[in-house]
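Chain lettering (A, B, C, D, E, F, G, H, I and J) follows the sequence in which the chains are written, and residue indices restart at 1 in each chain.
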Amino acid sequence: MLKNIPKVISPDLMAVLMKMGHGDEIVLADGNFPAESFGPQVVRADGLGIPELLDAILNFLPLDTFVDENVILMDNGKEEKPPIWEDYKRILEASGEKIKLKTVDRFEFYNLAKKAYCIVATSETALYANVILKKGVVEI
Amino acid sequence: MLKNIPKVISPDLMAVLMKMGHGDEIVLADGNFPAESFGPQVVRADGLGIPELLDAILNFLPLDTFVDENVILMDNGKEEKPPIWEDYKRILEASGEKIKLKTVDRFEFYNLAKKAYCIVATSETALYANVILKKGVVEI
Amino acid sequence: MLKNIPKVISPDLMAVLMKMGHGDEIVLADGNFPAESFGPQVVRADGLGIPELLDAILNFLPLDTFVDENVILMDNGKEEKPPIWEDYKRILEASGEKIKLKTVDRFEFYNLAKKAYCIVATSETALYANVILKKGVVEI
Amino acid sequence: MLKNIPKVISPDLMAVLMKMGHGDEIVLADGNFPAESFGPQVVRADGLGIPELLDAILNFLPLDTFVDENVILMDNGKEEKPPIWEDYKRILEASGEKIKLKTVDRFEFYNLAKKAYCIVATSETALYANVILKKGVVEI
Amino acid sequence: MLKNIPKVISPDLMAVLMKMGHGDEIVLADGNFPAESFGPQVVRADGLGIPELLDAILNFLPLDTFVDENVILMDNGKEEKPPIWEDYKRILEASGEKIKLKTVDRFEFYNLAKKAYCIVATSETALYANVILKKGVVEI
Amino acid sequence: MLKNIPKVISPDLMAVLMKMGHGDEIVLADGNFPAESFGPQVVRADGLGIPELLDAILNFLPLDTFVDENVILMDNGKEEKPPIWEDYKRILEASGEKIKLKTVDRFEFYNLAKKAYCIVATSETALYANVILKKGVVEI
Amino acid sequence: MLKNIPKVISPDLMAVLMKMGHGDEIVLADGNFPAESFGPQVVRADGLGIPELLDAILNFLPLDTFVDENVILMDNGKEEKPPIWEDYKRILEASGEKIKLKTVDRFEFYNLAKKAYCIVATSETALYANVILKKGVVEI
Amino acid sequence: MLKNIPKVISPDLMAVLMKMGHGDEIVLADGNFPAESFGPQVVRADGLGIPELLDAILNFLPLDTFVDENVILMDNGKEEKPPIWEDYKRILEASGEKIKLKTVDRFEFYNLAKKAYCIVATSETALYANVILKKGVVEI
Amino acid sequence: MLKNIPKVISPDLMAVLMKMGHGDEIVLADGNFPAESFGPQVVRADGLGIPELLDAILNFLPLDTFVDENVILMDNGKEEKPPIWEDYKRILEASGEKIKLKTVDRFEFYNLAKKAYCIVATSETALYANVILKKGVVEI
Amino acid sequence: MLKNIPKVISPDLMAVLMKMGHGDEIVLADGNFPAESFGPQVVRADGLGIPELLDAILNFLPLDTFVDENVILMDNGKEEKPPIWEDYKRILEASGEKIKLKTVDRFEFYNLAKKAYCIVATSETALYANVILKKGVVEI
């Protein structure tokens, strides 16, 4: 553990965040997501939920403001959207980043995930809880 | 994630538990423990606390009843013992295992940890929260 | 060995089951199956038969209920079906999972196996004994 | 699977048997034995018992006739010896090898195991079921 | 060395034979064959000829009887066939396997070799001495 | 690059800082230090000086307050101390950590460095510029 | 550190420069460039800027004079060009190499970078600071 | 060093020559050749020239007599051919091998090199000094 | 295969011979020798006998003439010496090397073998057939 | 190849020179030296002599001036010293470094070599040609 680094960020996750560049994407995958068979490198986060990881990651990861969307959620295709989205919106707003949110259906999400830089395999139990973040440029 | 396996148990932690044999010891190390420099293999559990891990592990790990102690805690040398010990005692009792508890001082604990089979590097923030478990025999 | 984990499940097999996600498939391959040349990672289970493994795996692996089939058998193309199918049906029913069974011919089975997440190389000697299981979502 | 090779012998176990030389020892360890922490390389045989492995191995492994003992059992220190010894004696006699049997207590057995060439981690559930075999010379 | 295993079979060769399944092919390549550049894994057998290896392998490897050919030789395109074929035929007949022999020209042989499971790089000095064996099913 | 992580901290250096525990030591070695032959793992920081690294590291690394010294410098044995020490003192004071500084001669420093958790191989050109930091406990 | 080798050149960077041949390209990537996801091997240069690296590299790397361009910059598509280009031009002129400079837009630069021999991941904070160098022939 | 092996042949180069088979090609690349980016495995021969290597290799490597060319040189497209070709011709003639020489232009040479078994990265400073050798059959 | 290299010498064996220096020892171990448990690296030569290997190796390996013995045999302690020694003496004499032969008992041989540079694991079936060769200096 | 780097310096040798620090030693070993069995990492320089390497290395490697000797030669114990020493002395003098030369006998040299940072395995054929260099501090 270190000062100023939330404890849910493992050494492997921090290394991935540091190595990503402008335009690279990271998937925060829920506990049922087939993370290991999609191709990108996997960072495991067993036992952790996505809200606490999302909150911690946004301390460090700038979001891409050059594109039309920098946060992508997996839609359940129903009128009633996944309740965890409320948590996500609150965390995203609190981050100070300029959020451009898009929702896509399950299979489009799968296609995006296969091209991501990294998939974080969490144990999030909420349904349709997967999130993609697109890294932006660090302002100096 | 699987049915009947608590989500705090990662694939690596499960493999370690399965490979341990009678008399092998596992250290549940708090977030300040120098886990990586002690020698035994390390399984990381960033973001997790020890009580939830202890509870999950005791679903699978039998404790050794052939010896004088099978659970070892690190003592703070003070009259007021670490508050987290109360959690541990409750979890241990609820496990159905026959508990033989011993407390040792910090440096004796270090010596035991260096000979353990594995150290689980948690993010437990409570002080003097380290635990050693000694594996027993599976009753058929 | 651990409490509550059947002894036919090796550490490597357990890790694979834990890492699989929704929609990933695992092949239980008989002793003549060309497991090592098909591409997916192989977990060896020399000396073991498929019924005991199937029974053990279904303690942990939920089957996919979002699709039309979650258990796929290799058909011998004859009127008299492989006798081991009776064992399989009994085990599947006893599992409590909602079974959606399909049979395919040998070459279609091969094509499915090449896209699986893992192939378990057993020593099952019964003919046409191969099985594919499709992992579902863990209900919380 | 091959003709003339019993199916309980995995590729890894066969390789170990072939690479051992005169005087090298192999431990058939029961399911509670701390195989992975003793030092020698480990071949896993999850789900298998020792009698079937012992029987299969003796088709290939000559026992050492230059020494005073070539089969070593772990004694339970009781008048009533482990029932599985009867199985072992029957299998050893049927092997055609010249058997020189010794029993040692648990801790002497541990010391021998630490110097062995290989430990086979079985799932044998019988107590005090561990066996050491000392390889001899192939007669041409 | 072991009892009942011919000494020309190395630990690596035995492992390959055991891991192959129904329909997998193994190439016994002569000393001039470009074994290492064809793609499949290579098992080296420097100093050994093909007849002794063929004879040894057929103690363990069943040939495929479900297909039109299970032994494939490289034809020299001449009226006078390679003299070593006489050795091969004698060994194949003595094996007790049901032989279905085919000959192909050098380039068709190359194409088959590139899809094989394994190439054994021998030091056979006879010309046009290469052989492919197709593994069958072990009869129980 | 990330927000809130100084750019002189590489992914490897961050991983090392995160994995260190209470009492582990890190050496910031100047460009002439024989970092690679001392035993501990080396993190390279070619082109960088020690002051900028020290400043960056102290954003994250708590110093050990349970011991008599937590910062150790290599003394030049002269009346006039290395000028870079003035930079170090300013940076250490500005860190907010409770500093306990000790100076040792070159050979005692070498002995300490050999037992450290990690050596950072910088390109610092100042003489007698080496520093050891001892990690403390993260206050929650 | 060595005599006559600038300290910003790490052992890994030097090895890459030495192994490159006529026509191979190296990318000096700024701190926001997605270096790790583009395919070529990455040499990290955390904490360093591009001008000091460019200057150091040109002591050793000859530029290709057989082609129409040997230095490629990423254009910002604006009238006002990146200020760091002035530094680059001064360094390039001072190198004594025959410079053939080309500018391309961001996406054409990406395509070139994906085919490069190596990407150096610097911490350069200037925008549109990326450079590609094409290696030439060493004149003897 | 060994008797009867010229000292310019390194252990790695010898291993490559031994593992090559009939029809495999080896490139002797000059010091400016982009050896490491072409794909085939590279054997380094820093500090050595091609004539001494060519002479040494031809003690062991038979050239292919089944094809139209077994030695391929890179042409400079000028009337005056590279002076080093005279050395090559003398060495080739002295080898006792039946030489079938072809010259190709730079880009055709590159295409051939990309399909070779191995590229030897020499420090030959002569221009247009690259050579491809095609291995033949060892006559017994 | 190559010209002028006997086919019993594998690429791995040749590499070992080339890398050995003055005073290094190589063990030619018979098929019952516990080669893999003695410590030095092992080169396998399954299916081969020692005389053919000894003969081939002495084409390349000079023997050490600075010491009192450069060939060491394992004595059977009987009046009648191992018949294969006659083969060895004939081969050694024919080698042109200056032979200084010593015989030691089995356990002294074991001690020497544990300090050798390499052990060649042959399938020699003759008893007491093990040989150690001590490498000398190449005369230029 | 690069400008300003002599071609006898391979990428591996350069990396070693760069990673060495004050007091680390490098052995330039002749072609008969048992480089691979002494323990330190080995950089191969097959085909090269020591004088050309020594000359090239001294362009970059400062020698240690804090100790009594920084160049150590292996003495032949005879009145007539190895003729190659004359070359060495000329090269050392021309280097501009402050040379402190010592000669030791063969076995003392061996002891020093076992503690070196690296051994360069050259093909130098001169006798008693081995050299140890002790790295000093880079003067800025």
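One rule holds for everything that comes next: contacts are C-beta pairs under 8 Å (C-beta built on N, C-alpha and C of every residue); 3 or more make two chains touch, one makes a residue touch a chain.
Listed by chain with UniProt protein names: A, B, C, D, E, F, G, H, I, J = Fucose isomerase.
Small disclaimer: the values here were computed from a predicted structure and weren't measured.
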| item | value |
| --- | --- |
| Pair from B-C, A-B or D-I with over half of its contact pairs in common with H-J | A-B |
| Most distant chain from chain A (Fucose isomerase), judged by the mean position of its C-alpha atoms | I |
| Chain B (Fucose isomerase) on chain I (Fucose isomerase), rotation in degrees - Cα superposition, rounded to nearest 5 | 145 |
| From chain E (Fucose isomerase), the most remote chain by mean C-alpha position | F |
| Chain G (Fucose isomerase) and chain I (Fucose isomerase): spacing of chain centres that average the CA atoms, whole Å | 54 |
| Chain B (Fucose isomerase) and chain D (Fucose isomerase): spacing of chain centres that average the CA atoms, whole Å | 32 |
| Two or more partner chains touched - positions in chain F (Fucose isomerase) | 1, 10-12, 19, 31-32, 125, 138 |
| Chains that touch, pairwise | A-B, A-C, A-F, A-G, B-C, B-D, B-F, C-D, C-E, D-E, D-I, E-H, E-I, F-G, F-J, G-H, G-J, H-I, H-J, I-J |
| Parts of chain C (Fucose isomerase) lying in touch with chain D (Fucose isomerase), wherever the complex brings them together | 1, 7-13, 31-32, 44-48, 52, 123, 125 |
| Residues of chain F (Fucose isomerase) defined as touching chain B (Fucose isomerase) within the complex | 19-24, 117, 137-138, 140 |
| Residue numbers on chain G (Fucose isomerase) that touch chain A (Fucose isomerase), as the complex places them | 29, 31-37, 121, 125, 127 |
| Chain A (Fucose isomerase) residues within the chain F (Fucose isomerase) interface of the complex | 1-5, 10-12, 14-15, 17-19, 59-62, 138 |
